[in-house]
Amino acid sequence: MLDKIGIAKRIAKEVKNGYYVNLGIGIPTLVANYVCKDIEVEFQSENGVLGMGPFPFEGEEDADLINAGKQTITTLEGASFFDSATSFSMIRGKHVQLTILGAMEVSHNGDIANWKIPGYMVKGMGGAMDLVASAENIIVAMMHTNKKGESKLLKSCSLPLTGVGCVKRVVTNLAVLEVSIDGFKLLERAPGVTVETIQNATEGHLIVDGEVPEMDI
Amino acid sequence: MINKQVPNAKKALKGLTDGMTLMLGGFGLCGIPENAIAEMVAMDVKKITCISNNAGVDNFGLGLLLQKHQIRKMVSSYVGENDEFERQMLSGELEVELIPQGTLAERCRAAQAGFPAIYTPAGYGTEVAEGKETREFDGKMYILETAFKADFSFVKAWKGDAAGNLIFKATARNFNPNMCGAATITVAEVEELVPVGSLDPNQIHIPGIFVQRIFEGKGYEKRIEKRTVRQKI
Amino acid sequence: MLDKIGIAKRIAKEVKNGYYVNLGIGIPTLVANYVCKDIEVEFQSENGVLGMGPFPFEGEEDADLINAGKQTITTLEGASFFDSATSFSMIRGKHVQLTILGAMEVSHNGDIANWKIPGYMVKGMGGAMDLVASAENIIVAMMHTNKKGESKLLKSCSLPLTGVGCVKRVVTNLAVLEVSIDGFKLLERAPGVTVETIQNATEGHLIVDGEVPEMDI
Amino acid sequence: MINKQVPNAKKALKGLTDGMTLMLGGFGLCGIPENAIAEMVAMDVKKITCISNNAGVDNFGLGLLLQKHQIRKMVSSYVGENDEFERQMLSGELEVELIPQGTLAERCRAAQAGFPAIYTPAGYGTEVAEGKETREFDGKMYILETAFKADFSFVKAWKGDAAGNLIFKATARNFNPNMCGAATITVAEVEELVPVGSLDPNQIHIPGIFVQRIFEGKGYEKRIEKRTVRQKI
């Protein structure tokens, strides 16, 4: 079973040379730390920066330089700033190749719910609806089950949707799964996790095709 | 050169009245029109509708207007980090329309550029699409979203000149350029008002034609919402 | 009767303080020379410049700095450069207050034809269709009649249209006319030109309401 | 940083084949991709469709491709100043689609920004609207125009870096930024390729994400189409 850092490390392997990547808040933010140093990657933040770098050293924070999570950041060589409309042109126009974000629920047809729980204060969807409606390649990073132990990989989402039929891949503390027309295809098991454990934690249709290898992180 | 300079925030906000619809630039507390907000608090203008990506925090940004119950409705993509906001929203005192961030940006740009509406895929199949026209293009579904209509647009830039030309700094740019010229009157406040002719015409982010009034703001606090740092090794 | 410079001088009086103005090719280009020096005006050219100045001195031409007529130009203090989409945002978004352009025909309901003559090489509409479809205030500068002596102010345009119901005012070598719902309203006569002469040169419905003053140029 | 640099025009045009649809920046002869055009002449690529505001003059710009009968179709707003163009058009050898200049710019921008179509008032009631969907918004009529689909986009910038970031100069900017990222592959040629990190991130006109290949062009002629001067008094 993986912890959050483990999930981030596994997702980092999905980041390929030449990718522009948008990282959501939470586990996705951690992914940047584990991307292979030998490949060329740039991180986009939808508030208007391409070429994001690490957090600043203490005393070097700039109030005018933040990411979409409102955290102070730095930029790397080759960075650029732009307005919000241009930022979403990059996203909607499919110039950002990979979007990694968290979710409360994913259904086996690729629907995602991650912005609203009826009865609770709704903070808003931010850029998530634009991201999931546009990106060619969406990876969800989340725990396989919620705090009550209920599956977050469902036949059909119960929460209000963020996007329909858009998720391509899900990486959880238990497994790597691909969204296919027939359901969640189990690609890899987390170290020490059995297929049976994954099956029990997955409410949506799970496809197990032959031997399922363990993740190599 | 057409001179857009006004002496202060008070003159810049002339004509702003109760019930108007306003656009306000900024992302979180980054790049917000601090002087215009302070002046609105002083004016005590009421029942305003704010089109702004966020709603500030309890005691800064648009939170200052919320404290005084000056806002009737917010049109935003994300409104966390604000207890008073939550209280007013849950009590029904404050109306909130949540829309996708890219849709918000483009509805501003549509107003600026004279487009009546746009087709965006954002929100298709979700409650954002409810009651809206949808349409298929090349096998993909889109929602028709209309251009915003606003009375005033308040933006904050880094440098500007009396001709209304603006340059923004880093990610304090965000929605500010998209809101210029997107309302009947665009008011720009700048950290530094420089002499006309000192900005390189090639490097201007927003030409003065999109700005009706400009003034040099005072006492920018530029509060940091989430100070994150790394340790020197 | 006015010559082209006279027409330009008369139109220059329509340019008010604080106006952003787009000038078409031909007579409209001349207007810039006669605008009152005491008012603040900026000229926009749709190829991407605001704050156009006069032609450069010999030897100071810059191939990268032209107007929409492809002529070398200069800029004034406060000028800015921008891309074509932004340029037409200014036009379509009604930020340019006044458009002055030439025409081959204008009809008394405000239609304009100025881009195509069937049977002749068609060069294209350039930015004219965007300008006439968008501007709040469109003034046409042209001769009252064509080379054959036929009226260019018509009941209905015979040539392919550039825009419909958009022209607000026409200034010719003979008169200043306003486009109203009832027809061309005669506002001013050129020096020495009689109402009868204007009537004879106008095929569209001409409204003559009381004494028509002579232009003051 | 993702490196987009290629050594020369030949490498930059790799994959360009007969029958493709291309976007080319420039207004008249100002800001045209001279090196890409020269390479296309050398490659002798045929039956291409060019989306470009103008068609060059007889012996420069796209006129060089016309001379060799390489262009099947032009999509432009204005095509004067070119006798060979006229001859080929009147003989039916060359297909020409004339569209309003603002529509041309925005159909590029729509492709860049992932919009399927736009509503513009330009051309309503004229032959440009024939066969197109029209629609009323707030009492005004608009035409639905679709985003362009192109295989290559060739743009010319003033300065650029290996990350693909671009800065344009004066009115040589024109359609170039709007065509970046509007085709499958965007090829940028620059007068000067500067080291990564030397461009101010705040002053970049086109972020590198919109550019797939970049190279430093050679021997720019930058011909002036209409040299107009005033006399020193």
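Just a few scattered comments:
Lettered A, B, C and D in written order, each chain numbered from 1.
What we mean here is this: contacts are C-beta pairs under 8 Å (C-beta built on N, C-alpha and C of every residue); 3 or more make two chains touch, one makes a residue touch a chain.
If you're wondering where the values come from, they're calculated on a predicted model, not measured in any experiment.
Greatest Cα centroid separation from chain B: this falls to C. More contacting C-beta pairs link the chains of C-D than the other of the two pairs C-D and B-C. Chain centres here are Cα averages; for chain C and chain D they lie 28 Å apart. Chain geometry summary: the mean Cα position of chain B and that of chain D are 33 Å apart. Each chain gets a centre from the mean of its Cα atoms; for chain A and chain C, those two points are 55 Å apart. A straight line joining the Cα centres of chain B and chain C is 36 Å long.
Within chain D, residues 109, 114-115, 120-121, 168-170, 201-202 each touch two or more of the remaining chains. For chain A, residues that reach two or more other chains under the stated contact definition are 49, 81-82, 85, 88, 91-92, 134.
Each chain pair that touches appears in this list: A-B, A-D, B-C, B-D, C-D.
Chain D contributes residues 1-3, 109, 111-115, 161-163, 165, 181, 196-197, 201-202, 204, 207-210 to its touches with chain A in the complex.
Within the complex formed with chain D, the residues of chain B that make contact are 114-121, 137-138, 140, 142, 146, 167-170, 201-203. Contact residues on chain A toward chain B in their complex (touch as defined above): 45-49, 54-58, 60-73, 81-85, 87-88, 91-92, 111, 121-130, 133-134, 160-165.
The touching residues of chain C, counted against chain B in their complex, run 18, 20, 40-42, 44, 49-51, 75-82, 85-86, 88-96, 134. Within the complex formed with chain A, the residues of chain B that make contact are 27-31, 53, 76-80, 86, 89-90, 98, 100-106, 108-109, 120-128, 158, 168-178, 205, 222-232.
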